[in-house]
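Pasting the structures in now, so scroll down.
Shared between the two complexes below is chain A, which pairs with chain B and chain C, respectively.
Take a look at the complex of A and B:
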């Protein structure tokens, strides 16, 4: 009887240990984050080989079952789906998702680099938040966009990211200058410069007067409709039609004013234009 | 007879060599008004300007150096890269001691043939030799002076390879086609119009066109080459003309235009005024647009290129023409130009506009 009981106990113990060896298991962390060290719990006993396959990771390591597997931050730097495999007695595998870390960097696309002042929907900004390991942060984040020109009131708006992207379209301001276009997520900021430039000239006006060597024509300060001076170098065309034919000069705006000397071809009519904008006309009589 | 044949061959050979060798020298005095002009230009063709000057009658009025400068070119002008190709002479008037000869001259240049026509007076001296009275062009000399030039220059720093992804580059300038017109001209379809740089920075622009046939196929694809001013300053307007040889307009369903612009370093200097523009009939009876170019800056413009846009009475672009000027533009010195107009269009020209391109050796672009 005793021998029979001992035999049953031995068989039970073998079965117990046999089950224990087959139950070699692995358990991922609850909410793993990319770029942070983590441990995977294992169960079972004895030696085994551990494999980890991820978006940018291929890992093979000898382990002792029952001891946690510690992964270094650089080994799980990339966010995405990982598969952990234990190859041993009754090998097993598990898949888990590593989420991106906190935003550490913003890719900020601001367009265009130049925009005429007072242009509706003239400026666009797109933000992609990335963690410190360049993983796109997919969870919704508030992004604050701010557009400021020196001496003008800033315009700001907050947009939440969707699928890792936030974008905004803004009107350009009425004042020319280098607009600071800033995007902020938490304590991370990216800055771009959008140059707001004068739009087409408005109310182009010039005067003409007799000079020693012809007729001096000179515009009033050339400004756009918001009052911004057009940049130096802008072409202003003067055309004179008189008895000796037509005379033209493509003058350049210098210090806000364009001027040129036309030959004395009187009586004549002189007109002015810049790009597609025409200005006033002046009639020069023979005696004037 | 057997001995006679070689002797005849030797004699014939000597005679032929003599005929070939003893030609009238091109330096020999001209015996007719026509030949005086031909001989003068023959020396020019050989770049023997001293020899050509020998056929000039009015040495007292025309200095040899001025004569040479006019025919050989100076200051890196287009003429300095030219070769006299052909001279046709026509006697307009012939007297015993005086004649008037029209010389139609063709110069081969890097940008194609350049034609000029000149009526030259030819006189016979006391020794019976004919010489040309060369039109005395007194070159204008600008008095020594300092011309302050403080126009803008635009330089460009593009995005570098080490900049972050997302850092914006400087945008290309915004350009726009403001008018376009397609016409049939002989065997070609011409697409022409005007383009404006709407931006505040200079740009290098190109305009291309694709002709689409009625069945949707592509009839041709071309771009404007030298019928356009490629570098446009802010708000500058340039005409363009694109030629499609061998295409009929009636086969064209639509024209697809495309523009390209590139931000480039540029200078707002020089300013070239176009003065005394008028449409005239030249000595050949053709309509030409003439005028004078004046370089208002202090540096020499080596090769001016004139672009003329002709509008009909509805202000629509009806023709774009160009001409290179083979004289350099010295500061403050008027230089004449002439641009051909198609005779059949001349009557319909309502107005016109002239712009000037320039190519310079030393000036930074």
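Take a look at the complex of A and C:
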């Protein structure tokens, strides 16, 4: 009888210690955030090897089971899935997700760097918010976009991020100049400059008069449809057609106007064009 | 006898030549892509052209092969072929930590299902969600300390380079 009791006790003891030996366990932190120190709870007893594998982490450390494992901020700086492994005393593993931190930096793509004034859907802005450890922040965030040209009314809109990105498409302003394109998330701001330049010439007009060595043609100040002067260097073409044939003379806009001297062929019809835009015509007859 | 000797020497020379001029590991890796599907359905605001879809599938497969080769060989130089920016920096850090710790993570992708989420208006960024079927092994020296088969979603950001799309962000997502 006693022998049986001793046998049962021995078996129970073996089971007890076997249970203890297999009790190596590891518990991940609750709601861990990238770049913040954290602890993993362990259970069991004795020594073991701890491994941590994450997006940018490969960690190997000797630990004592039953004591917490402390992780430094730099060891869990990348957001993503981590696998913690305990090798020894039964061995176990657990996986957990480390979330990105708060936005600290904006990746702001503003296109294009130069855009004609008054262009519909001419400017786009795309924002990706990152935390201080370069993790894309995935929770929805309001992004305020603002486009301003000196002397003009700012245009602003707020767009919420989705999958870590927010974008906007805007018309360029009517006034030429350096437009400040600003994106803001909370207290984080990114600035870009979009240069708004005069668009194609609009309402081209010129005058012609006889000169000593031919016909002098001269445009009125060349402007786009919003009234912005086109940049110097813009090509303006004068075309002269008559019984003699056809002559074309290209002139560059200089200080707002373009001028040229055509051959003194009369009668003839002279027209003006710049790019795809054409202007008025002038007929030069024998008496004009 | 002399002919036999010459034949044997020629055969050995041919074998040595073939071994010497076999393709580099990275090229081989880049040419055997895992199975990848792409769903462009939710792309926007820019339309994702068919040619771009094909390029993304090709380049993402090669990026994963490059990643495997870099992690298996602890060679972060390979990464620059298909990774750039944050993705390259983090993976290079992983390789550096592997060298330091003696640990190694081996990926065996079984397939990738890409769903395009965003294609920027001017065409300079594509964002996609990849549902990856992976088999991973964690090795300490030659010993496998962990083995797992899992479905892991990733957020991937592609940006265009000279002749390919490079991965700028490869961020694991919660399931």
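Quick note on the criterion: the second predicted complex is superposed on the first by the 261 of 288 C-alpha atoms of A that agree within 3 Å, B and C clash if a C-alpha of one lies under 4 Å from a C-alpha of the other, contacts with A are read in each partner's own complex, and residues count from 1 in each chain.
Just so it is clear, a residue touches a chain if its C-beta (ideal position, glycine included) is under 8 Å from a C-beta of that chain, and two chains touch if they have at least 3 such contacts.
Computed from a predicted model, the values in this text were never measured in an experiment.
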item	value
Chain B versus chain C as contact partner of A:124, first or second or both or neither	second
Touched partner set for A:112, first chain B, second chain C, both or neither	both
Chain B versus chain C as contact partner of A:79, first or second or both or neither	second
First, second, both or neither for A:169, with chain B first and chain C second	second
Touching partner for A:245 - first (chain B), second (chain C), both, neither	first
Chain B versus chain C as contact partner of A:58, first or second or both or neither	second
Chain B versus chain C as contact partner of A:136, first or second or both or neither	second
Partner chain(s) touched by A:233 [first = chain B, second = chain C, both, neither]	first
Touching both chain C and chain B, counted on chain A across the two superposed complexes	109, 111-112, 128
Partner chain C, residues of chain A touching it in the complex	49, 51, 53, 55-60, 78-81, 83, 85, 87, 93, 97, 99-100, 109, 111-112, 124, 126, 128, 130, 134-136, 138, 162-165, 167, 169
In the complex, chain B residues that touch chain A	150-152, 154, 164-171, 178, 196-202, 233-237, 268, 271-278, 291, 296, 352-355
Complex contacts: residues of chain C adjacent to chain A	45, 86, 89-91, 93-94, 97-98, 100-105, 117-118, 120-122, 124-125, 127, 129, 138, 140, 145-146, 148, 152, 155, 157, 169-174
Chain A residues within the chain B interface of the complex	107-114, 128, 190, 192, 197-198, 200-201, 230-237, 239, 244-252, 254, 260-263, 265, 274-276
